[in-house]
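Shared chain: chain A. Partners: chain B in the first complex, chain C in the second.
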Partner chain A sequence: MTPKLLPSLIAVIDIGTHKTVSLVGQMINGKARMLGFSERRTDGVVKGTVIDLERLHRCVHEVVNDVERSSGRSIEHVYLSLSGPAAEGERIKGIHAIPAHDGKVTAKDVTDAIASAKRLEPPAGRATLLYMRQPTTIDGRAVANPVGMAGKRLEVHFWRVTMEEGNMRMRVGMVNGMSIKVQDFILASHAAACATASDSDKQGVLVVDMGAGTTDWILYYKEHILCAGSIPVGGEHMTNDLSVALRISRETAEDLKLRFGSAMHREADANQTIWKDGDRGLGDQQFNRGTITQVLSLRYQETFEYVKKDIIQHLEQLFPGHAVKLDQYFLPAGIILTGGSANLADAAEAVHAIMQLPTRIGVPTFENDSLRKPEYAGVVGLMTAAITDSPPPVRRPRGFLASLKDLFRF
Partner chain B sequence: MERPPSILLVGLGGAGCSIVARLATRLPPEIGVALIDTDTRSFQQLPGATVVQIGRAQTRGMGTGGEAALGSASAESDETALRRIFTGVPIVVMVTGLGGGTGSGAAAVVAGYAAEVGATVLTFATMPFSHEGERRQRQANEATGVLGLKCHGLVVVHNDLLLQQVATDAPLSESFAAADAWVGGALRALAGAFTPGALVAADPAALRSILANPGSPTLFAFGVGTGEGAAMKAARAASECPLAHGPSSVTKVASLFVHVTGGPTLTTTAAFEAVAAVRTRFGGETSTIVCARVNPDLGDRIEVSVLGASLPAPKSPAKAKKGAKAGDPSQPMFEFATEEAMRRGLFGGTPMTFIDGQDIDVPTYIRKAVRLPASP
Partner chain C sequence: MGFFDRFLGKRRDAFMGPADRDWRSLVPQEVNRVPEDDIGRKRAVRSRLPLVLSILFFVALGVVIYLSVDESVPVAAGRSFRYKTDGFLPAAFVQKVISAGVEGPAKNVRAIKADLETDNQVLAADVRRRADGTLEIVLRERVAVAKIASAPPTGPMVVRLVSPDGQTFAGTGYSEQTIRSLPEIQDFRSTGSGDQLAIEGIEVVGPFLLAARTSYERFYLQWASVSLRDCFGAQEDAPGSNLNVTVRTAAQPTDRPPLVGIIFSTANWRKELALLPRIKIEEYLRMPNATAQAYVLKLSIQNRTISPPVPEPRLVPAPLR
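Presenting the complex of A and B:
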């Protein structure tokens, strides 16, 4: 008996520091069609780290309820994004000596090499989340498909992302508590890149996803993930800096940041006086615009200096002895800046000034207009990545007995 | 032995000693000076001063090398010598630089001895610059928590904030000099209040009444104005004083001590106008003690200095006393924890995140000491 195939349902949840977004889509002829969408202010997460699980649980539950209501489907499997300091990447390799008789690589040699790479244990207390394939080499030469080629030494490389075991268990447990299974974790920066960078961009591009709590970056070279990292600074820090500098509340600071903020500080800003509410009524306050842009631009620029430093450190580790320069020969597509903090005025200009690479704001390509904003690159990309990287399971209609079995499974 | 001075100015540790040594020559004779350090070289800056070399056995006349534990052990080993210099002194003003070994380690111990022999202890403590590194920062933060409980008044001077007053391209020596100048100015203004010849006089007892309880939040501000409306300008400068805007500063206090100094042209109206302006800014509902004096050298300049503290419930002295004796750490410690959080704003209470030895949750402009354009 062959099971009848149903168009598979894909659900993704992106839990960010600022907001939690969920999207439900359906694969139709290889393309995703959106069925439902919901969004809520995240509760219980600071700087990308969960501080109050109960509040986060309630928030995610509400998001899931909303998206189920708006799509009219019940969710059983979900893809989760993974970002910030919890996820750490490293390069691992598997080496396999090709048997000498004819020096040709067989499919089994490749499997053996992969197995030897995956045998490497992750650091204590961390669990492996995913492997991203990097170029395979034969005697140091990069090849697309080694099978049938001749050589002595076959090396396979992976970018391995690991996560703190406790943190992973917590997230899985939270979703399981809503009787939903976690299909897979997807690296948030990879997701953001999938939504904003084309395959030709991925010949050499840096994608920076600057959210509220963390700034995640990922580097693609020749269509492979070369390395990825995260800086625990985001839009919240800019709001915080502003509230400390002007002695105003977080809400006011957030509002001023959006209305008058900029990632570039110009001399002329200091001559400009702005009103907090604009109605010049009771409690309205005057501020110097220069103060706002100065505070924000310093933080923005510093963050990208950290990103640059982090990338260079990673590259030095990957290519010891080679001084790899972050220039246009290495990254022809330049930088794609995305995430909520990419909305700050002059963001691309500021990043260009620091990194000396052409920079553009990444907007997800999606059928739905309301999601074509940098802050939704993460969730849209999650869906794109889910489809391209690990096709979702085909849902089979389940009989009554199967559901009953499910109930009693431990 | 001669009669003990009414105020004893104590320099503790390398930084404290050099600030006090620079000030000592311009102090009125009522104020005594003492230097306390592990490193004998500190004493050479001020020959003839009362000196206490602590921790001879531990450090052999060298510094502590940044070890706070060594600093506190040094002070404990010379308990008798320390108690002797504080005996009979009503007010001890201690100056120290936190972050290093002697300042961070010994300050709380020394302040404790002074308080135990009956002195009212007011401490000026400078916090290290962010770029001095994570370790010194942490050591200094820990020290303020303990020190705040031992002193009657603790004014924390954040070097990072002072640096904002200095031009961005200023050399390092200048930024340290700025920190010294602020503490020096504050001490001079305070000392001036007790020099005879004031128009509206205050006596050291007034200071004791303001700083009655150990562990209470302290406020210190200092401002200078010149020319037309100098008094108001000075009062305004005082309310914008970086010493009063530190993360551990309080904005409103119950008791105030306001000291106005001006040239021969200082009028009573101007002086009290300044006092009124300071009161609107800082409070002082329970009591405000005013002191005014004329200093012919000042010309048309007017200086205003403000010292204040929140008295915990004056109606129940028994309870306050009990709290002070038992050293009940819960309440004041909590106070300090939240004050530290003010520097980190909304991230207060979350674990610190360090990159290159800096707590990156602290605003960039504070860490890089960038001067912000003035608000309208």
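Presenting the complex of A and C:
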């Protein structure tokens, strides 16, 4: 008799520069159902880099505590997001020569090719965090499943994400310090793509997750990850620019950015005068809206030019000698812009103008309305990616004592 | 990490090749059960509290069950009790039994049960202690099917009730009307006295009266007495052994001769009882040739030399007294 399986508990934590978000859900029939959610302002992280581990530990622990209370479950394993320049990606491949007697690829050949790919050493001092599958080729032809096909040379490709070992130990150690084990790492940009892009989009799409401290991007082609990267520029830089340009505090700059900011500068903005508080009383300051939009749009433009440059660099490494162009033939689904900074007015238009590709704001598809916002694409996508790529182990049915414990849960 | 892995497995401080660079291999993730900081302690308490509460719940449940089940624990003095019976014994009787004895009200459940069952009227007593410390007493009483006039060693004659299994008891709680309606067993031989009184022939007359009371109550209520003069007890198949029932005449019509008795054979009384409702006694007694002063219904021909008796009901004139 097959034992009755129980829905697996999935907990994800997305530690961003601006906020730390945690989501607990259950996997029922392959779909996520939310049980608890918690969000706090991140402490101890600047531009995606941890500067105070103790403060970050406390902040994440409070998030975990909140989400445990809201979900009524104890978290024992979590999926952690990987973002920022600390996580570096590279393409690796494993080559396997098909035995000549029949020339057909067997499952063992594929296993051998994968093993040969994973034998490649990561750069010195770095630890491998995850492998993401890329197209498999037989004699240079891309195939979905090579088993049974004829050929001479089998190549499997992976996008390997590595991190400096100390940084990785710090993250795992921090989570372990809360009596929680890390189930797996998930690339933040891949998570954002899982939440916002459909399978048909993944025929060719660039997903850009623009957070507060970093902008992570991932490029999908023919349903596989082609490359991914991150630049240490985000929404906080815009706030900082505004603060410097207008000689105001960061808080005021953030407030003005959210209320009057735009990713596109228009001539008409120069004619608009805005007031900081709006009461025009003593201490209230007036600004020219054109200045604000100009500062923001310039930073937006610069950020996406960096992104474009980074993508081109990656593509040149992947396809040396080929002039790869980021156009609609290569990326028919265009660009999906998500993350907190995607909330800036005219963001999609600005990116379209810079990248010359159709752009839309990526809103995660999730059962809970409050999480259908671009800033939650990462955390929702973490859960989706956890179910798709690295599902948690199936839980055994609970015993009588465990069921009795549930009676007293509060 | 297991014992053997720790001492005989790969050394973690040595680089064992690219496979060793996987983060899972680099960080074994041995977590403490309770995190060190305040939030961690709160979380640990919250996650373990259900287990602790479950254990406490089971312990409390066990204590309650133990106290309820253990019959040797004394009953709390002065506690009220719930009482239920299928007969006539009043609550005052139970209260008296609980309070009686050397231990008084401090006696335990087992002692109360034993004391209740010493009375012949009680067939079985179920005494339980409830969770709130009160007692729950359920009595099953013996059914009285007849009465006897018993002469105690001293004092006047007393009426005692008889159950189908031959036990005699005082009939506490029975109304006078109920006692009066019971047939009296007469002409019996006995041994012992009081509660120990044993009636010879009760093994025949007891089931007979119980069957009559249960299935033929209309006739049973008319019976004034049952004489065991000709009942040979255990030798119920003996020819001529019978149960002589005296019928009450007061309730019978005066325009016909009364039926004063019915004679059942001890060997065949079940068939004869079944026959009784089918006999048109009223019609026969009103026949023109029914000229005797009173009649007796004999249900079988009983020949002292031929066994078994032959069922043949007939009305015979009652002998003159």
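Here is the rule we use: the second predicted complex is superposed on the first by the 390 of 410 C-alpha atoms of A that agree within 3 Å, B and C clash if a C-alpha of one lies under 4 Å from a C-alpha of the other, contacts with A are read in each partner's own complex, and residues count from 1 in each chain.
In this text, a residue touches a chain if its C-beta (ideal position, glycine included) is under 8 Å from a C-beta of that chain, and two chains touch if they have at least 3 such contacts.
Small disclaimer: the values here were computed from a predicted structure and weren't measured.
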item: First, second, both or neither for A:T128, with chain B first and chain C second; value: second
item: Contacts of A:L206 with chain B and chain C, given as first, second, both or neither; value: neither
item: Touched partner set for A:N65, first chain B, second chain C, both or neither; value: second
item: Which superposed partner A:G177 touches (first chain B, second chain C, both, neither); value: second
item: Which superposed partner A:T273 touches (first chain B, second chain C, both, neither); value: first
item: Which superposed partner A:L357 touches (first chain B, second chain C, both, neither); value: neither
item: Partner chain in contact with A:N288 - chain B first, chain C second, else both or neither; value: first
item: Contacts of A:E165 with chain B and chain C, given as first, second, both or neither; value: second
item: Chain A residues contacted in one complex by chain B, in the other by chain C; value: none
item: Chain C residues touching chain A - in the complex, by the definition given at the top; value: 17-19, 21-23, 26-27, 29-37, 39-40, 42-44, 46-47, 49-51, 53-54, 57
item: Of chain B, residues touching chain A in the complex; value: 342-347, 350, 353, 355, 360-361, 363-366, 368, 370, 372-376
item: Touching residues (chain side chain A, partner chain B) in the complex; value: 46-47, 49, 51, 231-233, 236-237, 239-241, 243-246, 250, 269-270, 273, 286-288, 290-291, 294-295, 298-299, 302, 306
item: Residues of chain A defined as touching chain C within the complex; value: 58, 61-62, 64-65, 68-69, 74, 118-122, 126-129, 163, 165, 168-169, 172-173, 176-182, 185, 401, 404-409
